[in-house]
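Both complexes shown next keep chain A, but they swap its partner, so chain B is in the first and chain C is in the second.
Up next, the complex of A and B:
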């Protein structure tokens, strides 16, 4: 089990606050730290990796103490077995894809690990390319593969998909699920995307202003304890059209455009640009397998 | 026309020595400056940059005083290491290193600073120590700045006059550099010889800078 208690004062956009959280993670679990930006999510991850030092707390990973100010233990990042996928991928521009992976090999390790991972991630074709020539999704894959080379005990993912388009993001999320199944590695994901957390994590910690506000299974946390019998979507009103009897609303939900009809009385207070909550009874919807 | 190549050769010998020492000393120093959070760092940066703004004669004057066997430092060098720095080639090398220091350190330091921090951190997390991170990640990724700094330091040493005149004087074969020879020949009204030295310096300096810009363009 991983136990992480981290206390550290931070400077935020809305003034100073204290990051003060305590999290337990089971082996092989994928947990998400969820919350808006500037609440200390990344700092928590950096403390786990040893890139920043908490003012107080304790970090122990599978029985080994990584950080304990009382015993004056603070392992260097090099001594902690973590894989870290940075938000900007942090691939070394001077090395080819293959060299990037090999650079992560411990001195006496065999090179097969690199080849296996490249095959597994389907990036063999890219082995001689430099990072500058790769697309965002390819860079992400290489960064993931590189983080796994040294067989880390924890994989830390810092907003790994924020810079990618929807389709690539979806594919890579599937990829992470697949890799996690293969290696059974414990993952900590930092994200501000509900759908991502919902899809990937078994457990979510909702962080607000440095404190954990809620935690549990994503399905429960995000529906606040009760599974609703309704579809609820938030969207942006793009256009209102007067069809005499009814009004037609064009609403952007996610990246899909939906048209819904409402009574004139409901349309009266609306104008283009408003944020809307669309609710519909989920009884007997059309369900089509894709 | 008298074509005495000695001052020119001496100039390029001095520039080569200076540049080698600068790379060995200046690059780690620039790295240290870029990553240091010491309080006195601004003071150190200011001292390093002084040669950029001071008249070369000021630097030369103080170095001459310091190197003089009449004074403590010069006497100490003389008695303990047997080193006479005033009016000698070794003295010229040391003065040039100090004088050209900011030309190498400044571009290299700012290049280290502008490297994304995540690159260094990624290398650390992957288990690499400071030295390996420096040699394999940081240094290769500032290559253009390193090249520019090296060439500028070399070219700047070739172009020295004030410092080397103060500290080296005009001893043929030892401290008589091309820039000093030009001044000397003009004073003696030997315009042709002066022109020979000057022209060679112009052509070589141009070629050095040209190759720098060509290499940097190919890198992109």
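Up next, the complex of A and C:
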């Protein structure tokens, strides 16, 4: 189990606040830290990785203490077995894809690891390319491979796909699920995207102003209490159109387009780009075998 | 979506399905749910819930006689209308709540619905979603 208690004063846009959270993560689990910008999500990841130091707390990973001010323990980032994937890829621009991966390999490690990972992730064709010749999706795939090179105990994913288009994002989410199954690696995902958390995480911690407001299974936490609505999807609002006394919403759910009719009072508070939860009862959908 | 606040007064379940009666004002509403008290702890007698149902799932009848399979049948007064070409909105006053029904304009004309009319509203039990606690806007 990973136990992380982190306390640290932060400066926010709306004034100073204290990041004060304590979470336990089971081995092999993917948990998400969810919340708006500036609530301390990234700081928490950076504290796990040793890039920042909490003022107080304790971090222990599978029985080994990484941080404990009482015992004066504070492992350096390179001593913590952590893979970190950033939103902006953070690849070395002057190195080829393969060099980027090799650079992350600990000195005494088997170089085959790099080739195996490139094959597993289907990026062998890119090995001699420099990052600036790659698409956003390819860059993030390389960054993900690089984070896995050193066989980390925890994979930290900081808004990893938020700069990518929807299709690429979906593909890379599938890739994460596949890799997590293969390596059984414990992952901590920071995201403000409900559908991403829904898809990837087994457990979500909702962070607000530095504190955990809610935690649990994403389906439960994001159901807004409507657990009896069994047909539940999250999507992005693309368009609102007037239909007689009702309004029609065009919603992108995964890569499918859905249409929903709502009352004017509901449409009024919505705008294109909003994330929506669509809820219906288990009795409603008709089913056709494909 | 229509929202009515109420309190669970009766639960009948088998291994997967529940029939839940909710008292709202002095009207009992019934919802069929694909969850049972063992897996959904909020399903408890006297717990506060909000009934949620779409306007398009509320039917209206005038001078209705005979029996009907729909579980939810409530008296109401027509409190306003909004007429569209195909669909129309009917505002129903039921006790202290407003329940909105969207029906076809053809039905509105067929029923000759007028403001102040006494009508009955109908909702199918499987169209009602229960939400824990009181809906917060």
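FYI, the second predicted complex is superposed on the first by the 227 of 290 C-alpha atoms of A that agree within 3 Å, B and C clash if a C-alpha of one lies under 4 Å from a C-alpha of the other, contacts with A are read in each partner's own complex, and residues count from 1 in each chain.
One rule holds in what follows: contacts are C-beta pairs under 8 Å (C-beta built on N, C-alpha and C of every residue); 3 or more make two chains touch, one makes a residue touch a chain.
Bear in mind the structure is a predicted one, so any value in this text is a computation, not a measurement.
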Would you sort A:112 into first (chain B), second (chain C), both or neither based on which partner it touches? neither
Examine A:281 and indicate which partner it touches, taking first as chain B and second as chain C; both and neither are also allowed. second
Going by the contact rule set out at the top, does A:246 touch chain B (first), chain C (second), both, or neither? second
Between chain B (first) and chain C (second), which does A:90 come into contact with in this model arrangement: first, second, both, or neither? first
Check the residue A:103 against both partner chains and state whether it touches chain B (first), chain C (second), both, or neither. first
Looking at the overlay, does A:128 come into contact with chain B only (first), chain C only (second), both, or neither? neither
With the touch criterion stated at the top, can you tell me which chain A residues are shared between the chain B interface and the chain C interface? none
Chain A residues touching chain B in their complex are 49-51, 76-78, 80, 82-84, 86-88, 90-94, 103-104, 106, 146, 149-150
In their complex, what parts of chain B are in touch with chain A? 116, 118-119, 121-129, 136-137, 140-141, 143
Along chain A, where are the residues that touch chain C in the complex? 224-230, 243-246, 261-263, 266, 279, 281-284
Taking the complex as given, what residues does chain C use to touch chain A? 1, 31-35, 40, 42, 50, 52, 55-56, 82-89, 100, 102, 126-127, 129-133
